[in-house]
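Labels for the chains are A, B, C, D, E and F, by order of writing; each one numbers its residues from 1.
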Amino acid sequence: MIYATRRATFNAAHRLYNPVLSEEENYKIFGKCSNPNWHGHNYVLEVVVAGDIDPATGYLIDLKILRDIIEEHVISHVDHKNLNIETEFLRNKIPTAENITIGIWNQLVNRIPKGKLYSVKLCETENNYFEYKGETI
Amino acid sequence: MIYATRRATFNAAHRLYNPVLSEEENYKIFGKCSNPNWHGHNYVLEVVVAGDIDPATGYLIDLKILRDIIEEHVISHVDHKNLNIETEFLRNKIPTAENITIGIWNQLVNRIPKGKLYSVKLCETENNYFEYKGETI
Amino acid sequence: MIYATRRATFNAAHRLYNPVLSEEENYKIFGKCSNPNWHGHNYVLEVVVAGDIDPATGYLIDLKILRDIIEEHVISHVDHKNLNIETEFLRNKIPTAENITIGIWNQLVNRIPKGKLYSVKLCETENNYFEYKGETI
Amino acid sequence: MIYATRRATFNAAHRLYNPVLSEEENYKIFGKCSNPNWHGHNYVLEVVVAGDIDPATGYLIDLKILRDIIEEHVISHVDHKNLNIETEFLRNKIPTAENITIGIWNQLVNRIPKGKLYSVKLCETENNYFEYKGETI
Amino acid sequence: MIYATRRATFNAAHRLYNPVLSEEENYKIFGKCSNPNWHGHNYVLEVVVAGDIDPATGYLIDLKILRDIIEEHVISHVDHKNLNIETEFLRNKIPTAENITIGIWNQLVNRIPKGKLYSVKLCETENNYFEYKGETI
Amino acid sequence: MIYATRRATFNAAHRLYNPVLSEEENYKIFGKCSNPNWHGHNYVLEVVVAGDIDPATGYLIDLKILRDIIEEHVISHVDHKNLNIETEFLRNKIPTAENITIGIWNQLVNRIPKGKLYSVKLCETENNYFEYKGETI
């Protein structure tokens, strides 16, 4: 079993905000991340697929195919978007990096033709990264 | 003469939009960067100061002082902000990386106590960087 | 279960030296890393916490809280310090990256309020990294 | 149990080409990667070893020893080489990153004197990485 | 005057070889870089354009236009190519990073519609970079 | 005229301390950087040489020759050393990054056989960089 990673990037606006709470409560929890005028990030995404090598090609999966799947099912939904307003797969979720990471997993998990989705990693800033492997506690 | 650089980062939302043009004209010029729902970036800023070394300290300038000047006059105006709405020094400017870079120069140029502001560099994405040295053509 | 990583940096001096051995034996084992006049590094630390997401916040843990825990229990003990002389949690340990990594784990393992410490990673140079997950062989 | 990683780099030429298929079929599968005039990469290799710490040294393994093993058994076979023609351990393999990664594992797995080979990671471009841990499906 | 940089990457094979010299003389000058079976690199290219800002757009130049010019006149000639055999703009040149850098400058210098080509930077390995500004000694 | 850069790294201990001042005055100026027990850094050095290309080789200078000059005249004097005690070319200098950068320039300026030393850059931390070009004010 080999692991292959494809990296992609997107730029988006968001705001950390729980609509059942007041602005003051949101500010207390999220600080400047709850700014009602939004802020944004350059997100770096890494999608890891695991499986065995096809002897005819030496590939686990053609990473250009994986790139296109990521483009269609993830990047086109988030790049240059407002994650609170425009991203269907984050509807009714607070767009923290944790929820974005799991949302991306759910977009991809049934769409990898060869190999199996192993991990989704998301870097929100150079100091904060997140990873989801589909595990439950 | 030695050059000393201090690096800082900030996260912000913006939209490329010229208010004298229609939405359609803005879209034609700026594409998805004109999304009315905003998008955003992790900006990386490098401020370069030039001058001679103080023999008593071996410093051009204490970079902690430079860090605090950058924090007060730049970062606090742009970090977790909407650059179109909330940043006074970009008022009436389209917040392209070019205009942000020059705006940051103008915020800093008269506030460096030792040495002289030499250059402001701004990285908007991993593929696009900008630099301003106060030169006129 | 999601994994969240917080990155931090510190600068320190150290020397690889086993006090039960002679200077010559230390030099034979550790080479220039045993220089009695010390050398040092910019260490990059990554702390990985695992757990489930709080639905009220969308966070595993507020990474600003994790940052403050790392600052109080790790960074303040090692940044701009001599790891052989000044770091209590490395007392009687040879300050190899391996021992520093495990020492940092021990500083943090009972102090993460939400989620569970999953991994401590330490980068000593651009070619040498270390990771500890609390596993025993 | 601690994990120690040593990073190394090499530059090589290759071509993705299955000799049992025609040039046209190779082009259909591999695109410009099947260019008969070759192309090449700066590969970044990370070798991860796992084991316990020797109390006399504080080391899992002296990484200079690991560096020399990687140099002798991997780098000298691939650096500034043509991977299709000149690398014995890739003979009769299509030199995809997947097959190079597994070939490197096989070169190293029985040659680590302390600790156990845990993982081989190979970065072929800034967007494509691969990892092998000796697992079978 | 502002400087805008666009970054691009390409992967290529090459060989350092002066055809007027023998294989032995080439090996003496270029060492393993003269391997007749080729080797290759992931090249990182940065193209710097200088000029003033268009007040209607806030742009020096739309970097998507610059990206397309670089793609058409540089990347399509070098990516996944053999630089000794297939790249017209390097014909009769030894494809050292110095000559590639100047060749790229010549491809671009008359094709920048707004602003002026200021600099071409080329990173061949993580330790070796090159820059050309069209200067003569 | 082309510019060629060679990158190198070294690890060292130092302390910012002016011996004509008291410990208290040193602490007031340099803060934790004046720790009498030392601290240290992974320094990244970039040496830029400028000149014209030798048509016989396509090189400005063989970067392996430049690497060896840097190793002999810089790295061997600073790597795994205490910069206050052991580095002859910093004697009677406070080893700030500014003074280290100029010291490295002085070590190299008359030792480049082809081309001319153009710039010495030194990165002390990921946020602080320095450059010297031999200019006087």
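Observations on the model:
Everything that follows uses one rule, which is that a contact is a pair of C-beta atoms (placed from the backbone, for glycine too) under 8 Å apart; a residue touches a chain by one contact, two chains touch by 3 or more.
Keep in mind the model is a prediction, meaning the values are calculated, not measured.
For B-F, the equivalent interface among the listed pairs A-B, A-C or D-E is A-C, as over half of the contact pairs agree by residue number. Per-chain Cα centroids separate chain A from chain E by 34 Å. Chain A and chain D have Cα centroids lying 29 Å from one another.
Contact with two or more other chains is made by residues 126 of chain A. Of all possible chain pairs, those that touch are A-B, A-C, A-D, B-E, B-F, C-D, C-F, D-E, E-F. Contact residues of chain E toward chain B in the complex are 1-8, 46, 51-53, 56-60, 62-64, 67. Residues 9, 11-14, 32-33, 35, 37-42, 79-82, 85-86, 125-126 of chain A are the ones touching chain B in the complex. Within the complex formed with chain B, the residues of chain F that make contact are 16, 18, 29-31, 93-99, 101-102, 126-133, 135-137.
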